[in-house]
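Shared between the two complexes below is chain A, which has chain B as its partner in the first and chain C in the second.
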Partner chain A sequence: MQISYLSTAEIVFILIAAVTLIAAIIALEAKEIVYGAVSLGVMFLGIAGLYILLDANYLAMFQISVYIGAVVVLILFTIMIVPREIWLRRAFRITPEVIAGILASLMLIGSIGFLYLLTPAWSLTPSEAPFDWSVRRIAQSIVIEYGIALQILALVLFAGLMGALTLAKVEEKEEETK
Partner chain B sequence: MIPLIYYLIVALILFGIGIYGLSVKRNAMRLLFSIEMLMNGANLNILAFARYLYVPGIQGQPIILFSITIAAVEAAVALAIVIVVSRTCETVDFHELKRLKG
Partner chain C sequence: MNIINIILDFLNLENFISNIPNADVQELLTIVFVFLRSDLFFKILFFPGIFTILIFVAELMWLELKFLAKVQLRVGPQYAGRIGGILQPIADFIKLLFKESIVPEKASKVLFLLIPIMLVTLAATTLTVIPLSETDVISNLDVGLLFTFAILAMFPVIALLAGWASNSKYPFIGGIRALFQQVSYEVPLWLSALGVVILAESLNFTSIIKAQSTFWFILLLPLGAFIFLVAIIAELERLPFDIPEAESEIVSGWMAEYSGLNFGLIMLSLYIKLYFGAALFTALFLGGWLGPSILPPAFWFLTKTVIVVSIIILLRGVLPRFRLADLLQIGWRRLLILSMVNIFLAITVKLVLF
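Coming up: the complex of A and B.
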């Protein structure tokens, strides 16, 4: 790959990918957990940018509204609710288990990346055939082709939220015995 | 246009970072971050393949919508568990939780 032939789309892609991956590492290694949560939000934004590059605008909007609007805010509220002394604050140190973890993930990346290079998929470019990518088409697909899955998903959502509420509820008897 | 392998490599590295966090970190919240990274890497992989099919279609996008919804539910339940554990055990270090140890 020669630098002089980089197109605009490629430069944008490389910038977004770099921001995404660096934010992911900072989210895991930041000393304060709040900085980690904010960095996780930056990572979600980067993924949304990659979705836009893949012509999935509605999905990018959904990613931003669900992940940054709901998950990151929920994480920040949890960090505020739980007392500050409880969070482990630990600077990054090289310990044997860190080295083992890095080696394990590098072996995973290396082996799967090697398999990618063996397949012809690496040179695929998207077909230029015109296609309807609109929200209307996605909605038809969800309701008509995946209708049953949508219903079951609603049940899963309900069950999960009820479970979360029941778990997090403060039990009065427990408070009295204290 | 951008070749498919770029997206696959970004998704793979994101997945690898998630695996690293899941195997090394002890803080419950960091484990949740790692799981979110794994799910995002998998979603990106699915969407890249769906976009680069020979016959372009919408098929990949509803599946990723469902996956994002499931991830949100899972995050809500995991955060509730973190709150309960921090209240009852006074720690969020998952290596310290030995109440159910046999």
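Coming up: the complex of A and C.
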């Protein structure tokens, strides 16, 4: 009998990937929408775990705090506020849309796999000099190398915020006129 | 040479393993024993880890019972244990152990029973990055502060799920309140900690504490420390901000349906969270383990933590509860602006002093 030749990192990767995929499927297919939201959170956690495996701790922490601390919270809020009848699902049936979806996803997976086989650069051997993932390095690259992109991104977000505020204000005014 | 090594040497299991015929199993068991003998396992199980924290947290519960009683001119626990009922939390835990755990009939059972486990696990996870001294830390993560905040961000979700899974009105209201409160107080919490990060130039707890060797940050950023204390009290759901579990309005909020050991686990997680909040304040503003070197550094860290916990308990004894609307008003309209001012002050201090 042989103990498997997988390294610890690979075993952990397979476990996390399996949990992530199963959680993603449950998130889409759960009958009770709250379970869907919970498993969405589990899926985000799994992705954070993959980032940690890739040595990107900083990214993983923001993944957790933004996606679970904000996105899942928002989804749960919406679920709790909206009346329950809206979320009830119809029974699962095989419609042309479902078949088309399955075909499209199979084609996507197939083409990615084909690319993976074609390119030697995708091999799993680690590079000689590991990239410096420290927070200081990330901060320098964000502020110095990509400074202008950061400013533009901030402007875009600001514009989005102003747009949302304006929409909220308009609705209030309409209610007042009624 | 730690206590686990002594026990393993006494049991002499390695000798037993070397007699196993199968080479693969032998190899696997050897790896397990190397892990058991490693420094990391000792840290997780004993010194900065589970064992120390459990005892410390139990004594924090006792401190709360006794100190709160003194504040309110009562006696508090006095019979369990020789000195002032010091074993009362352990007695309470044993009592809860033998009580029936009731699951409400229409509750979502799996989620309902999973929530206490998730809470304790998350609360214990936060403790891995808090350093009791320069060496006594389980994981010296370079983004430790972010890690703790990321874990803190998960608690309100679980509180809401606990309220939802109970399928009962009071827990549900409590869950919604917990979500509102904790999500809105995360923002001032992050921003007030940002001042510390600017001064220390790091997100790692060890380097943050080392940066305070000349001045504790509470002296440089008193405003930031105040905001952080208020925000952490709101995150811990303690009086004056215990709106999610207000006994006189909604029984005991999102944990009203829990009983027996499940309730015990939730209380344990809340007290671990209390310790964690106080330890966070200590590490960020009170210089962590720094102190006169007559006594070991871990002693200074735990002493400062106890002082912070005592302040939080004193506030519980003295102040009345806020309304939710007032609380959100304070969070978004006062603390947010004050924490912006705090960042400005931190940058000024950084430019002037360093």
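Just a few scattered comments:
Just so we're on the same page, the second predicted complex is superposed on the first by the 148 of 178 C-alpha atoms of A that agree within 3 Å, B and C clash if a C-alpha of one lies under 4 Å from a C-alpha of the other, contacts with A are read in each partner's own complex, and residues count from 1 in each chain.
In the analysis below, a contact is a pair of C-beta atoms (placed from the backbone, for glycine too) under 8 Å apart; a residue touches a chain by one contact, two chains touch by 3 or more.
Not measured: the values here are computed from a predicted model.
With chain A as the common reference, the superposed partners chain B and chain C fit together side by side.
Legend: residue contacts after superposition of the two complexes on their common chain; A:L157 is shown touching chain B, with no touch to chain C. In the superposition on chain A, the chain among chain B and chain C reaching more residues of chain A is B.
Looking at the shared chain after the overlay, A:R137 reaches chain B, while chain C stays out of its contact range. Contact with neither chain B nor chain C is seen for A:L118 once the two complexes are overlaid on the shared chain. In the superposed model, A:I148 lies in contact with neither chain B nor chain C. In the superposed model, A:I33 lies in contact with chain B only, and not with chain C.
Residue contacts after overlaying the shared chain place A:L21 against chain B, while chain C stays out of touching range. Within the superposed three-chain model, A:L167 lies in touch with chain B and out of touch with chain C [touch as defined at top]. By the touch criterion defined above, A:Y58 lies against chain B and chain C together after alignment on the C-alpha atoms of chain A. Annotation: superposed on chain A, chain B and chain C show a minimal Cα-Cα gap of 14 Å. Shared contact residues of chain A, touching chain B in one structure and chain C in the other: 58, 62, 70. For chain C in complex with chain A, the touching residues are 22, 24, 27-28, 108, 111, 141-143, 146-147, 149-151, 153-154, 156-157, 160-161, 164, 176, 179, 183, 186, 201-203.
Partner chain B is touched in their complex by these residues of chain A: 9-10, 13, 17, 20-21, 24-25, 27-28, 33, 36-37, 40, 43-44, 47, 50-51, 53-56, 58-59, 62-63, 66-67, 70-71, 74-75, 78-79, 81-83, 86-88, 97-98, 100-102, 104-106, 108-109, 112-113, 116, 121-127, 129, 131-133, 137-138, 141-142, 145-146, 149, 153, 156-157, 160-161, 163-165, 167-168.
Per the touch definition, chain B reaches chain A in the complex via residues 1-10, 12-21, 23-27, 29-30, 32-34, 36-37, 40, 43-44, 47-48, 51-59, 61-62, 64-66, 68-77, 79-84, 86, 90-93.
The residues of chain A lying in touch with chain C in their complex are 1-3, 32, 34-35, 38, 41, 57-58, 61-62, 64-65, 68-70, 72-73, 76-77, 80, 134-136.
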